[in-house]
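In what comes next, chain A is part of two complexes: it sits with chain B in the first one and with chain C in the second one.
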Partner chain A sequence: MKFDTIIIGGGLSGLIAGIELSRKGQKCMIVSAGQSALHFFSGSLELCGLEDEPAKAMEQLPQSHPYRKIGLDTALTLAERVKPLFAEVGVNFKGNAERNHWRITPLGVLKRAWLTLDEYASVPSDGLMPWKKVALLNIDGFLDFHTSYIAAGLAERGVECVVKGISMPELERLRHNPTEMRSTNIAKTLTGELIGKLAARINEYAKDVDAVLMPAVVGLAGNADVVRLKEKVDRPLHFLATLPPSVPGIRLQMMLKRHFQKLGGVYMLGDTVREGVFEGDRLAGIMTVNHGDTCFKADNFILASGSFFSKGLVSDINGVREPVFGLDVDSLDERPQWYRKDMFEAQPYMSFGVATDVGFHPSRNGQPVENLYATGSVLSNCHPMKEGSGAGVAILTALHVADTILKNQ
Partner chain B sequence: MSREYDVIIVGGGITGAGTARDCAMRGLKTLLLERLDLTAGATGRNHGLLHSGARYAVTDQESAEECIQENMILRRIASHCVEETDGLFITLPEDDLGFQSTFIDSCLKAGIRAEAIDPKEALRLEPSANKDLIGAVRVPDGAVDPFRLTVANVYDAQLHGAEVLTYHQVTSLIKEGDRVVGVEAYDTQARQKKTFRSRLVINAGGIWGHHIASLAGATVNMFPAKGALLIFGHRVNNMVINRCRKPADADILVPGDTICLIGTTSSRLPYDQIDDMKVTPEEVDILLREGAKLAPQLMETRILRAYAGVRPLVAADNDPSGRSISRGIVCLDHETRDGIPGFITITGGKLMTYRLMAEWATDLACRKLGVDKKCQTAQICLPGSETEEEKQKKELQQGRRTLGHKAAHGRHGTRTSAIDMNDSEDASLVCECEGVSVAEVNYAIEELGAKNIINLRRRTRVGMGTCQGELCACRAAGLLGKANGCARKSLDDLASFMNERWKGMFPVGWGETLAEAQFTSWIYEGVCGLDAFSKKEE
Partner chain C sequence: MSKDQHTNPESTFEQCMKCTVCTVYCPVVAVNPDYPGPKQAGPDGERYRLKDPLFYDEALDLCLNCKRCEVACPSNVKIGDIIQAARLKYSTKKPKLRDYILANTDIMGGLATTMAPVVNFTLGLSPVKAVMDGVLGVDHHRTFPKYAGQKFETWFKRHAASKQAEFDKKVSYFHGCYANYNYPKLAKDLVKILNAAGYGVNLLEKEKCCGVALISNGFKDQAQSQAELNLSSIRKAVGRGEPVLTTSSTCTFTMRDEYEHILGLDNSDVRDSIMLATKFLYTLIDEGRISLAFKEDYKKRIAYHTPCHMEKLGWAIYSTSLLRMIPGVDFLMLDSQCCGIAGTYGFKKEHYQDSQKIGESLFRQIQDSNVDLVATDCETCKWQIEMSAGVTVENPISIIADALDVEATIKLNR
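On to the complex of A and B.
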């Protein structure tokens, strides 16, 4: 089987690359092992959170950073394409790349964000709270959302919170099984006809408040439930992030995947690339675990397999390696140097990753592979947590590599 | 503030807990002071091995005899803290098989059941053991949960009228002339200085007892011995596995609940480092290399964390150099030894002999106070173990029982009935790895004095499973926040809890452990912004 481009990894970066290439007419395949970082999506995408203005913040980044390889001006131009691209997929974001706004974390802390889902609560870039008094609701018995933390965070910023719990007989079944009261299970229950009932319960508390805030536990299968709920609630309703799994994250991944498939892309779920077939400095094809001797061939390949948690990088007692193709990685030899004693310091291991040239070509034994590209969190020399750059690097490197492939075809 | 007690016990490890129970059971008005949480020292940082005594049989008959006697007592009085696994002492091709008969003879002499079994039979009993073994001896080793055991002792002491104050650091001993008549302590949570008066002070501070003794003006020569251990995320072995040779590094593999532990290394440590122990990469390498000789599967098993405990080795009084070390129980009457009446030190010994240590110390205390009461701690069962196992099982079968019930029963024994799980919200699980319910967490907060997540972990195992507190820590913090009414405080606590976990993880930070650590950081720092609550360390 022959494709124009094969993408390894079905998370944010792989899907964006696949969609961009497919909408320009390429025949693409994505091989995905399953879970990705979208499963703990906060509701917001970050570009660079070191300062209020992403452009200024990006100037602090080292020369080896992926944004630098793209070029900061180009990166900001690419960023302009992201909101319309998601709109095509059916997901609407608010925010812009000129100035970060703030998202509200599950612990009631404000963090800088570039784009936030329309239905989510957010605070404008000036940091002034948009409400004086809110109803802060939780589903009774749901332990992955803590109103006390959020109420304390909002109170510090002068917002009065009326905290209430919602019980519904339909959720009782979940509560009888001690492990069932999780965000995705609640979202599976709170759908269809129950949206009306839920809205009625919410409206009991939606009097004399500026807005209603609740955990993002609605809309696993699509936007429809979210839209209907917002319509039926008397006051502006905004969602807040829960602890994982992330309902909107799972929905976002599903919508991106569907859009990719609608554009003609082939999405192979639950498969893993076993090895690459190399011809000189080119990658000719890949073999997967589920497809035996079949060699999937393509003109170009993108490695978007993620970091350690997604198994895009693997470590053992002796070192770090890239498990699919055995690509060269940037890491440190001495294990004690991988860590800092304080968990919240910048951990060196977090910036380990596949080494690439400025064109995002990885190398094997020092030799660049000319038709292979790496994108997203498998890349070295960025520290998504400390820079507030995870989603931005995933998306912008994917768009940049897609542009490169299209230009060269 | 000043109150009068018969005895004040300093130290909330197993020795202090056992001594508090014994004293209280003999009718003494007892106060236990602990500077941190219960089991925060060596008690919480060891194998959790229910020694049969076999390990000491060849080198130290006296310790071996004490071990087997206490082993049999603990099986009875602390059945909910003990798992009767039995143990194997295996001989590998590189070991001297001739040692086996000496070993068995010494065990039998000490009263320890020891039976040589065929290597094939040994592998059938314990399939994880090294297939190359050329000999095996079966002994009555087992596993004991030191957290549970300590909490049960403290709980029983309280039932007998003792008062227990954690997070109270003894800052000085009050003396009248040469006599010790009480202590001054600093309540680190209320940030308040307090005075407690008593007729006797018993120093049960483990290695920190060196310092407590010096406050009284006495010198007890203790040498800190560090022992590093690794915890694996999967229970590889069902029986304890030892090497049949003279005790050496990393030659005991102990199963416990869903995990197993390999240890220990042994090295001297400067006294000023006892509060800040690091496991070095070299120690990790030794533990893994030697551990894999006992059970080769360990090489492929995920390591949850590394940690180290520090044991007090007590030098004989006539040998300040520390070359002549006693591993036995040391009970010092400072009145006769140093001319300091009112002060007793109980040290040396080991987890296995805590009850006996407590008995010795309490016997001495009673003699001094003119109290004529016999020790009953070897006969009367601890709370949680009172009834026959049959009864426990019956209780377990009554009514609707969830995963949380079953797991809680393992941890709290017959005390489980005090955990109210009638409501479905109470039954919902905070920690899925370890089956800890909302009700159990609330029970630990209300009844067992848990004030923070680390306290909760010690009392319920929350955050100790394979995920190492990934989501349960946040859920537990939420419940604590609700109980103490302060969100900010519980977030500070959550940040320090996660950081404490990390310190045990990074020495073994590769493979799945590193992947999990990265995920945890993405959640807590990335999604949640917990870094805003972390205290900068110097």
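On to the complex of A and C.
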């Protein structure tokens, strides 16, 4: 079976690349072993959070950083394309690449963000709180959302919180099984007719407040429930991130995948790419676990298999490996150098990854593979947590590589 | 990456990193809060059960064995296998007479075929349905699949077997219970396509039900002995150089994966030779070894439903690529989700409501899509969708056979 481009890994990076290539008429296939890091999505995409202005912050990054390989000017131009691209998929974000704004973490702390989902609470870049008094609601029995941390964090910034719990008979059923009282199961229940009932319960507490804040537990299947709920609640309603799994992250994953399929892309979930078939310095095809001796061929390949979390990188006694093709990786030889004792310090292992040239070609035994590219969190020399750059690297490297492939075709 | 990592359920529960992604995609959790969910029922529960079998929870009975949790898991945990293995090992509930009847598809099929008109008529009567519901616990809402008057095997011996000798290239066909007893047309359609493409068809020396329903109803020993018989016939066919083709995603999945993972039988020597006919046909076409010609006047809007075990196999691409090759087909891919029947699960009175609720959004999507036909590779999905969405469902093989220009195809492959 032959494609123009085959993408290994169907998370944020692989899907953005697949959508961009399919939009321009390429025949693409994505193979993805399992679900992606988007299931842990905070509601905000990060570009570079080291300073208020991403452009300035990016200047602090080392030459080996993926943004530097793209070129900072090009990277910022690519960033302009992201909001419209998501709008086409049906997901609306607020924010821009000129100045970071602030997102509110589940611990009630503010962190710099690039784009935040429209329906989420956020604080403008000047850091001034947009509310004096809010109703902070939770669903009774839901343990993955801690109002006390958030209320304390907001109080520190001068926002008064009225904390309330909501219970509804329909949700009580879920409490039979406390381990399954999860954001996604609540969202599966809170849909259709129940949106009206939920709004009525919320309105009981929404009388004399500037805004209502509640955990993101609505809208698993699409935006419609969120829109309806916002319409029916008397005050501005904003969501806050819960602990995983992330309802909006799963929705985002699903909508990106659907959009990719609508553009003619083939998405194979639950299959693992085992190895590559190389012809000289080119990758001719890939073999997967499910398809036995069928070889999938393509002109170009993109490795977007994620970091340790997604098994795009694995570590064992012998060090850090890229398990599919055995590509060269940037890491440290001595295991004790991988970690810092202080858990809150930047951990060196997080910047390990597949080594690439400036064109994002990985190499095997020092020899670059012409028609293979790596994008997203499998790349080395970026530190998503420390830099606040996770989604930015995933999206911008994907767009850049897609542009390169299209230019060369 | 070693293949073992993907095939050995025992070694996988420790890989769980507690991310709960599996729970998001379990169709049962979505409709029934009494089900502990894949993470709890699978890797988490396994830890406890290894300490003390008393921790076994009979609610594991609610698992459909759809494997959608496994498809979603980022850590390759064989959650569904862990749950099925635990049910067989620890459950103290005795299977009921009803379970025996539902599980033994070929014994029942053999009896029913000889008396097809009577059986079909009787199973359709409301008093009979009431007895089945009240006494046996088979839900009265269910329409029973009809039994054919003549088994496929009988038809094949009388009308097709001798002709197969004319072909140099040969395949073997594992027809399964459904094509044999309920819907021989499917099996005949396959013979028609393969013959037109220049391939002769042999039946296996002996074949029994693949055993999927025996496994899910707790009859492990019987499942094992049927599996051994099938494997030995399959080995003979593979020894003659013939791949063993199938027309049901569930039989295929059971013989390729469950024989090893659940029944502990080594099938590694023949596993790659057991495949759906759509994979076989697509690969031959893709490699330029055969061509199919289609009728010019065939025009249909067709939606494809991905059965759970097809999703797990990852092979929907072969069936859908074939359907898209038919010039007159306006193709639509449905969202991949469980239809709720899960083999014999949805027939049981205690599961009927959940079963229908699970499939609800699929039925709605089908009804809204204005299609002439739904295509799918699983017979139980067919029953469920026909009953619940009111649209005719066909196996892709039957659709290809209907659209095929037989004379032109024979010429192309001479």
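Operating definition for what follows: the second predicted complex is superposed on the first by the 409 of 409 C-alpha atoms of A that agree within 3 Å, B and C clash if a C-alpha of one lies under 4 Å from a C-alpha of the other, contacts with A are read in each partner's own complex, and residues count from 1 in each chain.
Going forward, contacts are C-beta pairs under 8 Å (C-beta built on N, C-alpha and C of every residue); 3 or more make two chains touch, one makes a residue touch a chain.
Please read these numbers as outputs of a predicted model, since none were measured by experiment.
Colleague: Give one word, clash or fit, describing how chain B and chain C relate on chain A after superposing.
Modeller: fit
Colleague: Would you sort A:P323 into first (chain B), second (chain C), both or neither based on which partner it touches?
Modeller: second
Colleague: A:Q347 contacts which: chain B (first), chain C (second), both, neither?
Modeller: A:Q347 sits against chain B, while chain C stays out of touch.
Colleague: Once the structures are superposed on A, label A:S315 by its partner contacts, choosing first (chain B), second (chain C), both or neither.
Modeller: In the superposition, A:S315 contacts chain B only.
Colleague: Could you look at A:L128 and tell me whether it touches chain B, chain C, both or neither (first, second, both, neither)?
Modeller: Neither: A:L128 stays clear of chain B and chain C.
Colleague: Is A:M1 touching the first partner chain B, the second partner chain C, both, or neither of them?
Modeller: A:M1 contacts chain C only, not chain B.
Colleague: Figure out whether A:L107 sits in contact with chain B (first) or chain C (second), or with both, or with neither.
Modeller: first
Colleague: With both complexes superposed on chain A, which partner does A:P336 reach: first (chain B), second (chain C), both or neither?
Modeller: First partner only, chain B.
Colleague: Thinking of the overlay built on chain A, is A:H146 touched by chain B (first), by chain C (second), by both, or by neither?
Modeller: first
Colleague: Working from the superposed arrangement, determine the closest approach of chain B to chain C, counting only CA atoms, in whole Å.
Modeller: For chain B and chain C in the superposition, the minimum C-alpha gap reads 6 Å.
Colleague: In the superposed view, which residues of chain A touch chain B and also chain C?
Modeller: Dual-contact residues (chain A): 40, 176, 179, 244, 309, 311.
Colleague: For chain A, which residues are in contact with chain B within the complex?
Modeller: Residue list for chain A touching chain B: 37, 40, 42, 105-111, 140-141, 143-144, 146, 148-149, 151-152, 172, 175-176, 178-179, 181, 241, 243-244, 307-309, 311, 314-317, 335-336, 338-339, 341-344, 347, 349-350, 384-385, 390.
Colleague: Can you check the complex and tell me which residues of chain A touch chain C?
Modeller: These residues of chain A touch chain C: 1, 33-36, 39-40, 173-174, 176-177, 179-180, 182, 184-185, 188, 244-245, 250, 258, 261, 266, 268-272, 274-275, 288-294, 309-311, 323-324.
Colleague: Along chain B, where are the residues that touch chain A in the complex?
Modeller: Listed in rising order, the residues are 281, 288, 402-404, 424-425, 427-430, 432, 437-438, 471, 474-475, 477-478, 481-482, 487-488, 491, 495, 498-499, 501-503, 506, 509-511, 514-516, 518-519, 521-523, 525-534, 536-537.
Colleague: What residues on chain C touch chain A, complex-wise?
Modeller: 1, 3, 6, 19-21, 23-25, 29-30, 33-37, 39-40, 70-76, 272, 283, 286, 311-315, 317, 321, 333, 335
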